[in-house]
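Working notes for the structure below.
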């Protein structure tokens, strides 16, 4: 339908993506950043950018990774070299939509998310809300992200966004 | 801000007298006092300074406008029909509404939404609806002159595609304001090529705005805080580097040259740097490559142009940063990342990949923002005290080495004069 | 509030001297200063004013109570066994707890949760548990008199089912307080029919509370800001209308008559109103119908009864609004929408449909709230200045036309006297 | 079961409603308000009201639409005549429950939502949390809302609620 | 898969748990605390504890119930004896994950939640975000909680956590 | 905090003069004034007081450290190689960073993240990277002495596994500070058995920090506010109980003995207690059992040790509570629940089950926290006034009955002296 409601045919995919996203959230919320690249293909694109950039077609990324080795380097740097205060993170993801599933096996989907951050001795803050714009492909072990662009509404980051979203 | 900042004990008691030790000490209250903050707005941001407000590339055509700030004060930057750039205060002359709401846009005039008073792109009041009333009733008095009720206009200076503004009249030129040494590296970045905006980052830092200047006048921290730089050979104590300070002491350029042949950490330095760990290797080291494109001996220059502007030339990833103070305890950073017209797609992507170093999610940016937060919390929550700025002894001004706080002392010599402290 | 309000530069420096131009200017600090705000609470809300606290319809039976506010101060409105309405401060006489927590309810007495001191519905202290101690130990001293420790009682006035209260003793009657002109339109709305509450809206506005009065004493904005009114013929400059001001200058009635034969915008007016666009049409224009039911020449009256009360009679959608100030930079609005006993179901639904015009999601309400936010931001963030109130020249008091700010000047003449400014 | 857990028979409906809600959220979050009426039947009721009103049976609505033409007028007014500052909106919807599906084809359901609002140069705020009380019917193209009552807990609106929820 | 994405075999369970959680949320959001014990087995464990305790293996609970009678006593005390200001609560739950389903019929699952609290005349606050760590078994009427440990990130409670989460 | 606290009318006007009635009244401004709060930090928390900072059980081994607070001021508690406990201010001597970020941990030294200045576990500055510069350039001046730039060290006292600290030098011993009467019940809880930490609770209360002391010096409220206690026979007016006050008036022990044979509410008391309802029954009453394990006549003792410490011995559920003030309107409570080494698993679970009584979700804890919020709101939002502390007449000091506010009066006698009020 014009307003893009999913055909039942795509429902199974939607449910599978929900499970993928929940596993993805669990890894990040547990701080297991070195497992995070497992969710991506070798040639994956990963980018976090503000809605102002996305709307204007500006290419910059708060985080900008082209391919597995850059994903691994991001994980390595955060895990091994970067100094930051300890924190808890928690994601809420909802409203997964499958926009299309091409014969080439590429699945376009989106989901909304909220990221909550809690620092020692401070109240939980809403670090950002945004939307994932995803392209999935099917690997041996299930879905993998060929592309995830995280577009956040909360243009003003509070201090630092340490981990991927 | 996160939780409300706890009251600083004794602050009111403080008599704002500078410590006897002079420039080797900075008292907490320059970072925590509301009274000091208000004086800074008046004497610094609203005073005799050139403040960054925009890149010309953000105003590509006649009618382009941008919401911006001068200190905490909202302004609008416009390009008029003739292509001339204007900066006006974002406050309607009628009832005071902050009239321009969009971050960026195009318009033929500025219209206040409340009663639709209309200003041209230079800020002149062009029309007042029903100025003559209706059916000979009401309207503005006959002695009302449109030309007396425009938006407040600011002085404008541009160089190399960068737009600065000032509330002060009789400002010296931007070139005289920054001085030749600073200008050299400024021109190396803004070298006449047309800029193309690659995008924006915005973040708050729960710290006093001056800490951002201090952080970039403190080359000492780079080799200690930033393990990434050290481990991947971008900066190591002993590499060729300089901390340039202008004659006034307020501006600076932190410069370094990437060692051509990768990390070269002498063992003496190693043992000083806990950050160093010999066995870390990047999977994609090429994203740190430096493609020579600037007429400069330096592969990295970070320029601090007082009071609200930073120019980042970190290898090939380029950006300008605007400081928007929000009281003594918080400031907003607005980052505009850019490249040049004519960059190949690969060069643009190289700049974007290198962007992972900087910004509020950058390998270095995260660390600086966190460190500044820690320092402000120390100032806000500890018993009143002062910080120690004794590296390099009493030396001030430009230095060719990085184990010094000379540039911070130079800044505070200037600051104390300006602020009568 | 959203982000912390940035410090207003120079505010402390301000010496609170009114601009030499007099009433044609209003200085920013009346909207931004904490000192002015505190003086307003003392002299206005806690002073010689009648403040709206409830509708009698919200207290249908003996024992009904309602949490309310007088200025920022929490009070409780009760109806006692005899049906008499009382207003008492919501603060226990023992340790000061804000004892009444529910927005509305029924009770036979007011009991403080902390130690269960118990007050009757008139606020008299009725019981103190263990007042005589236990086993002859402890308890209140013998000279303790219940009657000396009741809740603080306020003066009460009611008219047409509307309840007002005052902290001041020796208040003039409500009728004398508002004056006959204001009373006429008040009585047209509260015409003896019993009110039925249709529901509540609540919203904050990040602006100074006085702006709400100014907005409703500013007929000029209606025909410019509210494109909906203009395009769908509810109000057009030139229509029959009036801005009524009482003798004291503090109260007002903005009145207009809906043109019987739809929009009738003379071309002169059209070109003044950018909002006007000829080709807009509603799918359901009937929701704007005006069903005559009031003894009044006006189809719309918006009454501002100083300091905290607004009566909305917008065609057939009716409501009262209570202003609860929360510091200089924010206030809370509480809307009580109502109809009349005996309204047909269709009439009730007509009122509800027309409700789309007003409130924090109303076609007009959105615009007024946004405009006030813009003005406060202008005051808070710009360099210190003053706003211009020159429409209609120096005229004050009631006017029959809408291109004027006469009523705002009248208000500030009263305000300056009250506040010694 | 007494505590109203859905029978498996209603699961398909629940999944369909989730997809409907995600499409609905996508249209509003994209600011495409003129497409918003497409989610409703000709005779639909749409209302946004505070929990205090809902609990007391008070009929008022912040937004109160009876039928498609009022839905269209709301969309028209917001899109074409109303002045407000630019903003980003994002919905998170969850906990969809199908309460009943009658032979007459009317499906009663609820869902919880949070609405996040971001203004230029300001931090993201939680504009409101609430619950949808819905009555769906099946149209040619899928489900349509015959009634959506948005009951919000966040009784104090911050400044203005510009768009439908 | 190593990153714990659910096998399709567990999908039905995931959907059933989502419905369970939505019914659970509906009961708590409606303040029907005396129905809350119905979601548990006779020998159920219910505990709310901060992530700092969970990570350190510390056993304390803000709420600590062993068995149905303690669940009932908690409900009784809150419903009948405890003084607190009136409030609205609303839960958003998402990212349900089924970790395992043993032959013994015990299902291990998690879900993320956010709890929003609104007091009279105050703005809605985020009271806490956290994760449920659940063990379900199947009863006559469907799933029942044999154990629910609510682990919250928001270590600093605002004033009081009156109702179970 | 939730919404910003509305401005207290007249506060600035207040001349901070204590009411003529003396100790039977407490003026609002002791709970609302910023000036009073700052004086409290200086004279009380940073003055001649012993402040709780940790349990030894939280620092099990050499190298263990804990982030803590003394008043609002961040400190670090460490155990050095020799097992000695140290308390240092959490502020780097260089630029002032709050260097320790983790709540608990193990380390061999304290390293500041910004420039990696390194302190030993006693707070002595051990290393400054590049202190001698690089290639003979920069570094600290020759007259720089590490020993002059350590972390600020606090005085430490421990007893029974509890660690206290003070900024003041020349403090009397902890034992003299609390006095023998308070010490008796302190020792009954900390009786030499090794403590085992069972976990933490943390919560803010939007109220002035002193209210927490008052609440625990107010036995009157327990039998009225806490319906749970009353209905299930844990405390009833008339039971054996005492409110012990030390000689200085600042410390206290609220003690009661659980009636052996369940509830025993005389009908006189019943009618005073609305909370009492005869027909409530617990399904699992055993969780309220009291297992005798202490050398004390009391089954419950709640000790308030001035200014920031509470010891909870509620039957068999045990905890300490730390008050961290955050301005006049809010404080943070940190609860550490514990048992003893050698507790059987069943005993541990008994303590945990009984834990449902206390904490921010406890049957009693909820009520106290709510009540304090109500009182602060009363103080903040009502017209300026004073609260009434007249129960038990003018008596002060220890009492054997609970219908009295004697202990609150004793506290304020001490407070007024300390604060010159």
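Just so it is clear, A, B, C, D, E and F label the chains in written order, and each chain counts residues from 1 on its own.
One rule holds in what follows: a contact is a pair of C-beta atoms (placed from the backbone, for glycine too) under 8 Å apart; a residue touches a chain by one contact, two chains touch by 3 or more.
Source: prediction; values computed, not measured.
Q: Among all the other chains, which ones are in touch with both subunit C and subunit D?
A: Output, common partners of subunit C and subunit D: B, E.
Q: Going by the touch criterion at the top, tell me which pair is linked by more C-beta contacts: B-D or E-F.
A: Higher contact count goes to E-F.
Q: Measuring between Cα centroids, which chain is at the maximum distance from subunit F?
A: Result for max centroid distance from subunit F is chain D.
Q: Considering only mean CA positions as chain centres, point out the chain farthest from subunit C.
A: A
Q: Need the CA-centroid distance for the pair subunit C / subunit F, whole Å please.
A: 44
Q: What is the distance in Å between the mean C-alpha positions of subunit A and subunit B?
A: Each chain reduced to its C-alpha mean, subunit A and subunit B end up 30 Å apart.
Q: Please report how many Å separate the Cα centroid of subunit B from that of subunit E, as a whole number.
A: Computed from C-alpha means, the inter-chain centre distance equals 47 Å.
Q: Could you check subunit A for residues that touch two or more other chains and list them?
A: Those would be 15, 83, 85, 92, 94, 114, 121-123, 126, 155-156, 158.
Q: Quick one: which residues in subunit B touch 2 or more of the other chains?
A: Each of 3, 101, 103, 113, 225, 275, 332, 367, 370-371, 374 in subunit B touches at least two other chains.
Q: Give the pairs of chains that touch; include all such pairs.
A: Chain pairs that touch: A-B, A-D, A-E, A-F, B-C, B-D, B-F, C-D, C-E, C-F, D-E, E-F.
Q: Quick one: which bits of subunit C touch subunit F in the complex? Just the residue numbers, please.
A: 1, 34-35, 37-38, 41-42, 46, 71-74, 89-99, 101, 111, 113-116, 129-130, 133-135, 137-141, 144, 149, 152, 167, 325-327, 330
Q: Per the contact definition, I'd like the list of subunit A residues that touch subunit E in the complex.
A: Residue positions touching the partner: 15-16, 19-23, 25-27, 29, 35, 38-39, 88-94, 114, 116, 118, 121-124, 126, 141-142.
Q: For subunit B, which residues count as touching subunit A in their complex?
A: Touch list, subunit B to subunit A: 2-3, 103, 197-206, 225, 227-228, 231, 275, 277, 280, 282-284, 287, 332, 337, 348-349, 352-353, 355-356, 359-363, 365-367, 369-371, 373-374.
Q: Which of the residues in subunit A end up touching subunit F in this complex?
A: 83, 85-86, 120-121, 123
Q: Could you please specify the touching residues of subunit E with respect to subunit A in the complex?
A: 1-6, 8, 11, 14-15, 51, 92, 94-97, 110, 112, 114, 126, 128-131, 153-156, 158
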